[in-house]
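First chain A sits with chain B, and in the next complex the same chain sits with chain C.
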Partner chain A sequence: MNPYLAGWRLGFLRTIRSPGDMSVRIGFFAIILVVMTALWTAAVDANGGSLHGYTRTSLLWYVFAAQTAVLGVRPRSVEEIGDEIGSGTVAVQMLRPVSVVGLRMSIDMGEACARLIASFTVGALLTWLFVGAPPSLPALGLTAPAVVLGCAANIASCHAFGGVAFWLLDAKASWFFFQKLVFLPGGMLIPLELLPRPLELISFALPFATMAYVPGRIAAGHPDPLLLLWQLGWLAVLLGMAGAVFAAGERRLQVMGG
Partner chain B sequence: MTAVAATLRTALANGLANRNSFWFQVSLMVANDITWIIFWVLFFHQVGNLRGWDAHDVIVLFSILLTTAGVALGLCANSRKIGQLSADGALDETLTLPVPPLAHLLSTRVDAANTGDLLLGPVVFLLAGNPSPERAAMFLFGVVAGSVVLIGFLVACGSLTLFVGGRGEQADLGFNAILIFASYPLDLFGGATKMLLFTAVPAAFVTGVPARLVRNFDTPEALLMVAVAALFALVGWGTFHLGLRHYSSGSIWIR
Partner chain C sequence: MIAIEARELRKTFPVRRGEPVEAVAGISFAVEAGERLAYIGPNGAGKSTSIKMLTGILHPTSGDAAVLGIVPWKKRRELAARIGTLFGQRSQLWYQLTPRQTFGLLGRIYRIPADEERRRLARLGELLDATQLFDQPVRGLSLGQRMRCELVASMLHAPEVLFLDEPTIGLDLVAKARFRDLIVRINEEQGTTILLTSHDVSDIEQVARRVIVINHGRLIYDDRVSVMRRALLGTKMLDVRFEQPPASVEVEGARLVKLSGAGAKLVVDTGRRPIRSVLDDLLDRYDVVDISVADPPLEEIVSHIYARPV
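For the complex of A and B:
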């Protein structure tokens, strides 16, 4: 079997065999949906039923998809990558005749897919229950690939950010910085259209919007295939960046005798 | 009590032993908290007033949450780790000591990152909370009572692991639930959710009621706050001690 496919399978099986962890995540997701339903319902009610074109229903389907995409990725992924590099564990991984970053990303993607299946299903059911049908069923269909692409872009970014540990021996700061970039310019906490104009424009120019905003925007009733192309474009760039960071880092590690 | 105070002092000294790391983690948490403040400012800039709450009120609520979380998760860092410690059989080293086990566990570990919350919370209140002597006293009262509620709740959730097994997932879920609900204005919620916040997941008593007391002091509500704090202290203590009867040693003496 292709080693990357085997890595994906390993990650997938490992996750579905941890029902405790999975149930905590689903519970966490359900709580977020309850809170966000209350928050955005109050916000929309206070603004005559619409906020920059988002109704209560579309906002809450936005929240569902954006949160699903972000929660698919292991929360402290960047920090863990940094720990493995900082502690030297990565040197053992380099002995394998496969790309370290490629195999790591395959495993992470396998784990993410298992989580996404559960959280997409439960989240969609809960959101439907809380606010009714999605604004557009074709949009909900297109949300599924958007969530997977958002997750993939997020995982690639985690590796690019985590790779700084080859130089700093720790990625805690970079994990923290990355997380906040997904929260605000990524559109996880608030749709980008609701940000002040200059911040909105900057956010659209950054890759983080492909990780939360795009799935959210599609689920909110905008099934525009160009949004998927936008994700694919940034995914290619981010995969290249992660590969380049690890390649440079591994060369440095060899020079240092690690 | 002296033993517990000495343990806490040692835990603090341990946390501060690597000063660079300590302040680095504190600064990360402060930056994290500031991101949330920015979110609320942007949110209210867009939305305006929300069921009687504006950005100013939410920042006061947030300052209470930061300080409370700083006490419960920073100074008493093990309050959210009881389930994991039980699952790992790591209560052995505490149970061998001639000290009250729960008090010892709660004072054994200080979390540097959450200490950042404890430092930032009062600063946010001083800067944005219109701190008159009355409001400052209510802030302090709310933080103390809210911390007791939060610690009691987290200990009770963690102690469930002693009854039902697992790796401390019950505590994780309880921890996530109470912190998320406590981060938002109480008046956003209605019906069954609001009922839940006043009972099973007492987030209302961690931030919502203290924030209301800072805004408008009300004696019956303050007395209710004291009663609820005492109740959750008792629930946490009782669940932990009843759960200890089910504890199996992991033969782990040193960690």
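For the complex of A and C:
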């Protein structure tokens, strides 16, 4: 087995062996869905039953998919990567004959896939229960790969943002910034079409939309394969960026003491 | 055959708004294949920085080095396939999983065929008496048990050189003794070159044949451990607790350095009188409740090295 595939498998196993952590996440996810159902129902009702073409049903399926994709990644991932660089843990990982960032991302992706399976299943059931069937069943089918690709783009970005710790010895500021980018221009809070026009245009030009908006848009009843291609394109760029940041960082690593 | 060679190796760390810190200040030495070398020094001496350069994690500010003929920082991944590392303060095992699952990942990383991996795990498990630990979650292992599994992880790909950075830190006395014995067995049975850093003097005496002492980033001593033992390890520290506070403690061959209530600290010159004889005398003449014997601290050895006539 390829070492990166073995890393993915290890991450997957590690997550399913921590059912407590997964249960807390799913519980939190269920609370978000309940709150969002109440909020968006009120907002859509106040706007005559539709918001920029999103009905109550499509909006809540959007929320389900966008949240599922983002919650697949560990919430403080960028900060943790920064801490591991600063503390010298990454230095020890460099003593393996494989790519440090490649192995880290494959392990993270294994963890994320375990979480995605659980949260996608539970989230879809709850959303169905709260607002009824999805606007399009083929769209729900296409949402699954979109959620996985969104998660992969998020993990690659986390490594690119966390990698600043090679220079700054810390990624707390970077994590704060990244979190906000996924939240708003990423479409985690609301669909990008609901943002003011200039912000909407900027958001569509950034990679963060592929992490939450694209899965949400597909789940809301737009099973457009071009959206997956858009994700794949940005994923390739983000993987390249994470690889470049780590390669440059490893060359200039400064770790004092044991 | 030379396994490790350092030539004028130097590492300076830049410090924001301050003078750069020179962690390693031009160190040169060579280690033969199959040697057991203790690379020691007080905290902050530059031991770990040296190891990080020799394993390719850090680029030196100047100087040169080769490990198994490879310049570490130029071909780090190529070298990583042929060396093993164990850092006492950094675990390479995943806490939520069993050691065997981590070994499985390491087997794939080092591209060890499955049959060969099973054979090596059985061999290492037997050698390190760790087979029964392989299927327990790492979070449930004691530090001593975990360190044995860490050593298996470091040895799984049959490295030619093993770098051990403070491997006995935090272990109790029994676990330390056992761990030292395991390192010696690995060296003798597999011919692995050992470079061990420690600030525990007992690690040096029981594991290494040769010792290099560094201080403030400079090499200050390089000789056989037997020579060092005669020249610099001629004393033992005794920490004694008596039933009643004695007025004084007088034992031939021992010098009282501190008397505080019922407790006393003595230094024994083992060249003048064997430690066993001093202990017998002490136990015969005084009502001793507790006693412990320790090596002199590394800082004392370093000051002895500086005090030697040139």
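Keep in mind that, in the parts below, the second predicted complex is superposed on the first by the 253 of 258 C-alpha atoms of A that agree within 3 Å, B and C clash if a C-alpha of one lies under 4 Å from a C-alpha of the other, contacts with A are read in each partner's own complex, and residues count from 1 in each chain.
Going forward, contacts are C-beta pairs under 8 Å (C-beta built on N, C-alpha and C of every residue); 3 or more make two chains touch, one makes a residue touch a chain.
What you are looking at is a predicted structure, and each value in this text was computed from that prediction instead of being measured.
When the two structures are aligned on the shared chain, A:Phe176 is found in touch with chain B, with no touch to chain C.
By the document's definition of touching, neither partner reaches A:Arg76: not chain B, not chain C. Contact with chain B, but none with chain C, is seen for A:Ala42 once the two complexes are overlaid on the shared chain. Touched by chain B in one complex and by chain C in the other is not one residue of chain A. In the complex of the two chains, the chain B residues touching chain A come out as 24-25, 28, 31-32, 35, 38-39, 42-43, 45-51, 166-167, 169, 172-173, 176-177, 180-181, 184, 188-190, 193.
Per the touch definition, chain C reaches chain A in the complex via residues 13-14, 21, 23, 44, 47-49, 52, 55-59, 76-78, 80-81, 83, 85, 87-90, 92, 94, 96-97, 101-102, 104-105, 108-111, 165-166.
Those residues of chain A whose C-beta lies close enough to touch chain B in the complex are 20-21, 23-24, 27-28, 31-32, 34-35, 38-39, 42-43, 46-47, 51-52, 172-173, 176, 180, 183-184, 189-190, 194-196, 199.
Touching chain C in their complex are the following residues of chain A: 1-3, 5-7, 10, 13-14, 17-18, 88-89, 91-92, 94-98, 103, 251-258.
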